[in-house]
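Since the structure comes first, as structure tokens, the remarks are kept for the end.
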Amino acid sequence: MIQYKRGLVIGRFQPFHNGHLELVHEILNECEELVLAIGSAQFNYLLKDPFTAGERIEMIHASLSSQRIDPSRVFLIPLANFENNACWFEYLKSMVPQFDILYSGNEYVRYLVAKKIIVKVHTFKNKPKFNGENIRKLIVNDGKWDDLVPIPVKEIIKNIGGTERIRMLAKSDTYPQKW
Amino acid sequence: MIQYKRGLVIGRFQPFHNGHLELVHEILNECEELVLAIGSAQFNYLLKDPFTAGERIEMIHASLSSQRIDPSRVFLIPLANFENNACWFEYLKSMVPQFDILYSGNEYVRYLVAKKIIVKVHTFKNKPKFNGENIRKLIVNDGKWDDLVPIPVKEIIKNIGGTERIRMLAKSDTYPQKW
Amino acid sequence: MIQYKRGLVIGRFQPFHNGHLELVHEILNECEELVLAIGSAQFNYLLKDPFTAGERIEMIHASLSSQRIDPSRVFLIPLANFENNACWFEYLKSMVPQFDILYSGNEYVRYLVAKKIIVKVHTFKNKPKFNGENIRKLIVNDGKWDDLVPIPVKEIIKNIGGTERIRMLAKSDTYPQKW
Amino acid sequence: MIQYKRGLVIGRFQPFHNGHLELVHEILNECEELVLAIGSAQFNYLLKDPFTAGERIEMIHASLSSQRIDPSRVFLIPLANFENNACWFEYLKSMVPQFDILYSGNEYVRYLVAKKIIVKVHTFKNKPKFNGENIRKLIVNDGKWDDLVPIPVKEIIKNIGGTERIRMLAKSDTYPQKW
Amino acid sequence: MIQYKRGLVIGRFQPFHNGHLELVHEILNECEELVLAIGSAQFNYLLKDPFTAGERIEMIHASLSSQRIDPSRVFLIPLANFENNACWFEYLKSMVPQFDILYSGNEYVRYLVAKKIIVKVHTFKNKPKFNGENIRKLIVNDGKWDDLVPIPVKEIIKNIGGTERIRMLAKSDTYPQKW
Amino acid sequence: MIQYKRGLVIGRFQPFHNGHLELVHEILNECEELVLAIGSAQFNYLLKDPFTAGERIEMIHASLSSQRIDPSRVFLIPLANFENNACWFEYLKSMVPQFDILYSGNEYVRYLVAKKIIVKVHTFKNKPKFNGENIRKLIVNDGKWDDLVPIPVKEIIKNIGGTERIRMLAKSDTYPQKW
């Protein structure tokens, strides 16, 4: 049942997975529109952030299309990081359309915005499975990962050589690579 | 007639006006999809850049909706400026989905990307009228501006106090204000 | 009569002059404590910003002492500029102690903080005389400037070679020098 | 016995504790005035840097007042970090009033400024107890921390929900949290 | 007659011209070695800074070679700008080999380094002719420019389309273009 | 046998060692000219990056001279880091003279530039011995390090107090020091 005009979710979406997709469905049951803010947009080609902002936008856009989600109801907005946490929320507000509720599974995010906006706790059903780090590790270790992401994500990752990229990043000692 | 998979246009959209809208229509006749890159995304509350990235996204989104433009065909992506012009095009590519052709009325932009991508010259039909600076000046001078922008842009500007904002910025001596 | 716990004033204080000093007295009649935020703290050795943050702090501290203003009632806080105007006020709040009222003669500043805090319009009595630009110009043109600033400011400027510095900056073509 | 005009101490003061307070007393026995430079001023809401620059200024100001330390003898100055260590000392000098001696318990700081200024080694008496990391850990682990800080620091931390903040940060996995 | 171990000159070298070349010869009469710091290294494709750091290095290297200047006596070092002027000299020192004397025709630069290093005033013989701005203007206005620069500079500018680039930049309204 | 006009190698050169020197010889057998890009140029006085860009330039310059390597064949160019990896290669190209082949022992670097330039894998013969980290560790642990670097590097490190610097950095707890 639609209760809010616009909800917002923040994620790095490295990559966008089925847990995210389910969350989109849930929010679109409660909100007319959804803003998906793509965090750490300035990073790419890192083990923790292998995909560019542009690649992540393509993956999400294609996933929503494949699910027949009305695209006019979703805003995809890349968001660079911001050093001063105390004013992070105002920064966020300046970069995205107005929103009424924030969904977050992250206590830190909820803490930063507390009392400034309605916040709804969100948790992924099977978090150990459906999270980006797990998927990236499965890719490195030649595990079964492709049923954890929407089909278009799987295809785009393959087309852009994403699995090779992540495996290369896992071997590199250039950066103190963090998962 | 659709000739390209994806076209890209860059603008500051301060504000999005009927010239932009017509351009969107033209490109969607030639391309399956369109990326609208919203430049100078980090600036706001300046005479040259009065609206935040978030406000500009709302204006454009609402304008496209009101024109029954299929939203699944358009990507709206804020883009911060980039100091090193020689690698500006690679920066652009990292922040947006892959594209095949760039439309630009700006010789400088065309020069920076020459030989790296197909470029098509675009010129607004009535440039002296349909350009952001002219519209911001009309707002300051109490001229007739609201028929130069799509109706939703007019409404959002009024709702957020945009005309008062621009007039205040024009009077302020805080910044060496440039049109 | 004390009406507020803490007031805040922002200035570049290039240099701190008698208009500023009078304002300090006025605010300390209305507020228990005063925060003086020293703007553009990162700039120095420029025609518009000739003095370092450290030098400005010394000038103001010495001026307040010479006036027997209780130093426990005043906070002197350097503040670097901030690009994203829409979240400038939250940035300000993160950098200074909590305050209840903002005094400003600048319509732009008042606009940015409107509805977020009590704001009181302040105007310097003789603004053409008591403003930093005028004082810097007088220094360049060998005019009478030293009765426009508190005695300790005059002395510090002389001790650090401030008049020579400003005259040199006025002649230099290194920067597109702005007054 | 007063031997120097002005001494300088740098710390992050996360939070200001009794060891810092004792150091202030010691320096004010040797110097007419003291500059307290508050390092990492741009950070906040991090496990290592939970408090904003503004909050830290309030804590220190209130602690000095409660100890009847003459506030006209102390400068509290926030200082953002600086990437190029080789010119860090010149950066420091541009941001604070002139000083004659630097007190530091940190060999790295002493090394960077060696031969450029008089340096005096300082060590906290009970360093394992009186240091910010220990206090933040005690807060997280529900230990006894409040007798390690001046009473006004304890009160401000409680008023701004500082203990909850630090506990939340300790649980969060958003940042690779460092103590 | 060699009097110093190493001299330093700073310029933007947009482009390197015969005045610069003559200066190199003069300094190499007085110093064993010369550091040429290439300022504003981060800028390019601007009317004031049309050439990249890499292009400028090539031009200077080729010019020195063509003059049979012993390359082991010259260091070519790109230098990005630095915001805090008060510590600019320490920044410079961290980026280049140790030097004993600075040659400068710029009073501002001389002022910033005064008392920190030996400084020798340098003036180009025919400054109205031999300066980058004049050369760039001649290029735009189809004047005779190529006898003002060493032959290899002329050739490199032609090979990389430098004259077209500068003319395009002069026409563009993208940036508030400054000469 | 000379096969290419210009080769490029990137390193941090903390410090320049005999492995690097051998690589220079090898490349100068295959290329007319060599660009040595000195990475992480903005860092210094860190355990991982103890020497300034200027110091590193001096070490390399002196080493090449002592080996009678024709200095007109080598470009030494400091290069600051760059956040957006996807456009790192274009950034590199803007900062150095044009080159035809990149030599790298680093898979990450090779991956980033793949298909954009010829790349040749390079591996140091005795990598566990000839690498900067090993040399810095030997310095800290009072091991035998000075036969791993060219004689001028050893001398410069001694002259600038480099061994004391590295030992001090190894003890410091100011930065989360990484080898």
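To keep things simple, chains are lettered A, B, C, D, E and F as they appear, and every chain counts its residues starting from 1.
Throughout what follows, a residue touches a chain if its C-beta (ideal position, glycine included) is under 8 Å from a C-beta of that chain, and two chains touch if they have at least 3 such contacts.
As the structure is a prediction and not an experimental result, all values here were calculated from the model.
Colleague: Which neighbours does subunit A have in common with subunit D?
Modeller: C, F
Colleague: Determine whether subunit D and subunit F, two copies of the same sequence, contact each other through the same residue numbers or different ones, counting it as same when over half of the numbers at the interface appear on both sides.
Modeller: different
Colleague: Could you state the distance in Å from the CA-based centre of subunit A to that of subunit E?
Modeller: Each chain reduced to its C-alpha mean, subunit A and subunit E end up 47 Å apart.
Colleague: Round to the nearest whole Å and give the separation of the Cα centres of subunit A and subunit F.
Modeller: Distance between chain centres: 38 Å.
Colleague: Find the geometric centre of each of subunit D and subunit E from their Cα atoms only, then give the gap between the two centres in Å, rounded to an integer.
Modeller: Measuring from centre to centre gives 44 Å for this pair.
Colleague: Residues of subunit A touching 2+ other chains?
Modeller: Only 44, 52, 84, 86, 93-94 qualify.
Colleague: Output every touching chain pair, sorted by label.
Modeller: The list of touching pairs comes to A-B, A-C, A-D, A-F, B-C, B-E, B-F, C-D, C-E, D-E, D-F, E-F.
Colleague: Per the contact definition, I'd like the list of subunit D residues that touch subunit A in the complex.
Modeller: Checking each residue of subunit D against subunit A gives 42-46, 52, 165, 168-169, 171-172, 174-176.
Colleague: Contact residues on subunit F for subunit A in the complex?
Modeller: Where subunit F meets subunit A, its residues are 83-86, 106-109, 111-112, 178.
Colleague: Spell out the residues on subunit B that touch subunit A in their complex, using ranges where they run on.
Modeller: 41, 44, 52-55, 57-58, 61, 65, 70-72, 75-78, 80, 93-98
Colleague: Mind listing the subunit C positions that touch subunit A in their complex?
Modeller: The touching residues are 84, 86-87, 89-91, 93-94.
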